[in-house]
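Look for chain A in each of the two complexes below; its partner is chain B in the first and chain C in the second.
Up next, the complex of A and B:
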């Protein structure tokens, strides 16, 4: 992606914008997406609130951010992960592949729509906690939180490209989708700190970009982090994003070649 | 330079069969075909279902890789230089799928225009023009899920023309359409031909190929069995006459007895409601009628007619579906 000339960049940005709009308009009324983005995080937030209500104070904002992140991850796993597969089911994948735009650009636009839509999870959790349960909520470091949120969106979009490509490359991986949902909630410290987990799981957490997103968002919201450790999390997220983009370019080249050889771009 | 060049193209599918004992079956879809299409020509590929038409088109539009052989579009190889081929071509693959049904027709076109890097200023005027060209100007804002099959097919054509490509691949553009819808699609194809677009059209409708194409490749079991102008293809059967005999409930033994007769070059059976129509190709013309009636003795026979051969009869002879 680094070799893209400005001429192409404008065209690709236009494709990302139109894919974003198209995806948003198609999914905004989708019942499954409404469940993944709104209802499931709401249920998780209620459960967590009941379990952690005695802890009070900053734990409440931890629940809001954490339950919001569960919606973000579920959306990424199920909606972005299936993004290409759904195109195949609809019979549009052949048209996308035969267009002059690289398919990863389309996937970026789709993921961006999904990730921004799933930020609604946090808004829902916030409304539940502050208006329904009546807890006073405030973000301790709003600017750091905002930057963390933007970098989280970028890193989730890039992580989604890798997930989508792996799911096309090996349909068996797609069958693990349900199994991948909760381990990431736990390993990434969405709803409780990973310090509570056995030590051997910590390196696994470090390999996952949602862990660094959760770290930066929790720390800036609660005011428990320093600029140094929050910006370190940003750096890791951006580093992973560049790595994912680089990998995705190669992965998609392999995948599309294989699909064109095996004739699997369409359903027969 | 030719617009399309195909050399010794071959494509084999290898589907895996079975669950425990997995077997790989080989299906030769396209078997060593070669042809070229001149700029501005409307070239047809005619063949029965499963003959290899769609596979050929999918290779040419860069969504399938051939097992061997090569193909070039305006000199660019469809495998090695796919990214140079893609902006130069437009295509439709037969059927209703391949559109975003929850979006309107216009929104579908807007989206594909961005994928083809059509300047937003140009697409603003081009989309209404194309919607009018395919007769959808009044339905453009409706969701595609409410479109009829013919409307979806026409929207596909508009999509293929968004970036004003030089070369168009139309894979069975009128398949499944009612006669009026099919006629409208053919009218659109004629208009495109008038614009000097190079068009490769596949069809299994003889009338369509005859009415539209300048040259036709007849393909069967993946091989080209004839390639010429429609008029020249009809020459294949110029010495023959076609006897059409309407019968009711003809047993297969009687068909076999007819086929065994030396004076019958080809025999096709069409089922029309309760009756069967025998299409018999013979050099003897009306003289053969008494011999045919002798074999059909005891059966209820309806209308009998003798006529001159058409492209369809040439096709039947070339494809050789004797008795099918």
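Up next, the complex of A and C:
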């Protein structure tokens, strides 16, 4: 990734596009993914709608966005997180690391497919609330919301690379996967403000990209944030994305060393 | 007759222990901590904070108790279903169906350790509720609460046995498990006052396990006597028995069909 010249860029984009297509075809029929992306957020949305009923109409869009974010995070954790590990299970990891295309490029394509697919969570929640429950829904600042959504996708794709790399490098970390789903729902304020949590947890929230994504999406959808606030969240997400890409470069160097020099990548 | 009874009891206990060990063979201490301690605690915290955000801090105990008892479903639904379905995925189902073993002892034995596991999970939830969230249990009769937890975990595991039998008919066990577990979050009343739900949903709620168990636990912790919850617990127990029988019938039907048509591992 160090020397991206136009030739490489075109080549990489082609790899990303074909990985995207392949991943999408594989996952779109997977029942676990259907659950994580559609059913779980839908059930959480229904539950939250009933629970937050007395909070008033302005919370309806908050529920739609928040439950959609739960789907985004769950799919990032369980699907993108397993992105490289799955290749190991299928016995294709060695071929991938031996190919001239950097493995990061392949992982970016896979994550992009997963993250875009999991945006379906929000669409499903929107349909449930708007058409089935009959609540009027509107996005207060549509352009800011759209930009927030695009930056969210970018930051989630980059965050997914780090998670997948850590999971492949250290299976002990992956064993924590089940324990990481709800803590992020809590710390990132998907369905309630983090001000309700003890003060010591706030720095932890700030360290998580999904928190800034939820902040930007909630604020632009509800119209409660200023452009300054929302663009600050964008800046943080983009900053984290650059940091993740930088870190991933180092992590992938270790992965490649394990695969090519030590030949220990498949030995866990 | 007596010898056969002893054999069946042995089969029940050995099957119970071995299926539990087989299911959790992948458990290392970090995986155990993540799946059995951190995940249930964080899921409980999420719904307690969401609930108190919605209705105020004074209603925290409603959510703490509801979600603690709901922990019974983690073992009762996921554990039991996977124990039954695991035989198919691990390729041991043909051996199982070839044995002359008593099917009821074999089938129900799959749930036994998960009932104990579920009880431990509920107590752990309540422990977190008391130590981290300030749940007041000063008016609680611990013995009666233990009976409520035992019966609720039993009935939830009975439901798990039915789902386990269903899991032999589908490839997507985890999809069924996950969907049922999350639907129970709505229907069991762990996070909602059931009167908020439409009538048809309330009818479903009262035909499921957990609903009466959660309602009873809330009453016992607020100081009610056993006599006040006895009818609820009696029905909860019967619901558990009914689900076990339905599950067993389905299990036997699956065995009969699979043997006749040679479709044991087709679906």
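What we mean here is this: the second predicted complex is superposed on the first by the 256 of 268 C-alpha atoms of A that agree within 3 Å, B and C clash if a C-alpha of one lies under 4 Å from a C-alpha of the other, contacts with A are read in each partner's own complex, and residues count from 1 in each chain.
Please note the rule applied: a residue touches a chain if its C-beta (ideal position, glycine included) is under 8 Å from a C-beta of that chain, and two chains touch if they have at least 3 such contacts.
Computed from a predicted model, the values in this text were never measured in an experiment.
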item: First (chain B), second (chain C), both or neither touched by A:43; value: second
item: Partner, of chain C and chain B, that touches more residues belonging to chain A; value: C
item: Which of chain B and chain C A:250 touches, first, second, both or neither; value: neither
item: First (chain B), second (chain C), both or neither touched by A:263; value: first
item: Touched partner set for A:26, first chain B, second chain C, both or neither; value: first
item: Which superposed partner A:51 touches (first chain B, second chain C, both, neither); value: second
item: Chain B residues touching chain A - in the complex, by the definition given at the top; value: 13, 58, 61-65, 83, 86-87, 91, 93, 95, 97-103, 107, 110-112, 114-117, 120, 159
item: Interfacial residue positions of chain C with respect to chain A in the complex; value: 28, 30-31, 33-35, 37-39, 42-43, 45-46, 49-55, 171-172, 174-175, 178-179, 182-183, 185-186, 191-192, 196-197
item: Of chain A, residues touching chain C in the complex; value: 31-32, 34-35, 39-40, 43-44, 46-48, 50-55, 172, 175-183, 185-186, 191-193, 196-197
item: Complex interface listing, chain A residues touching chain B; value: 11, 14-15, 17-19, 22, 25-26, 90-92, 94-101, 106, 257, 260-261, 263, 265
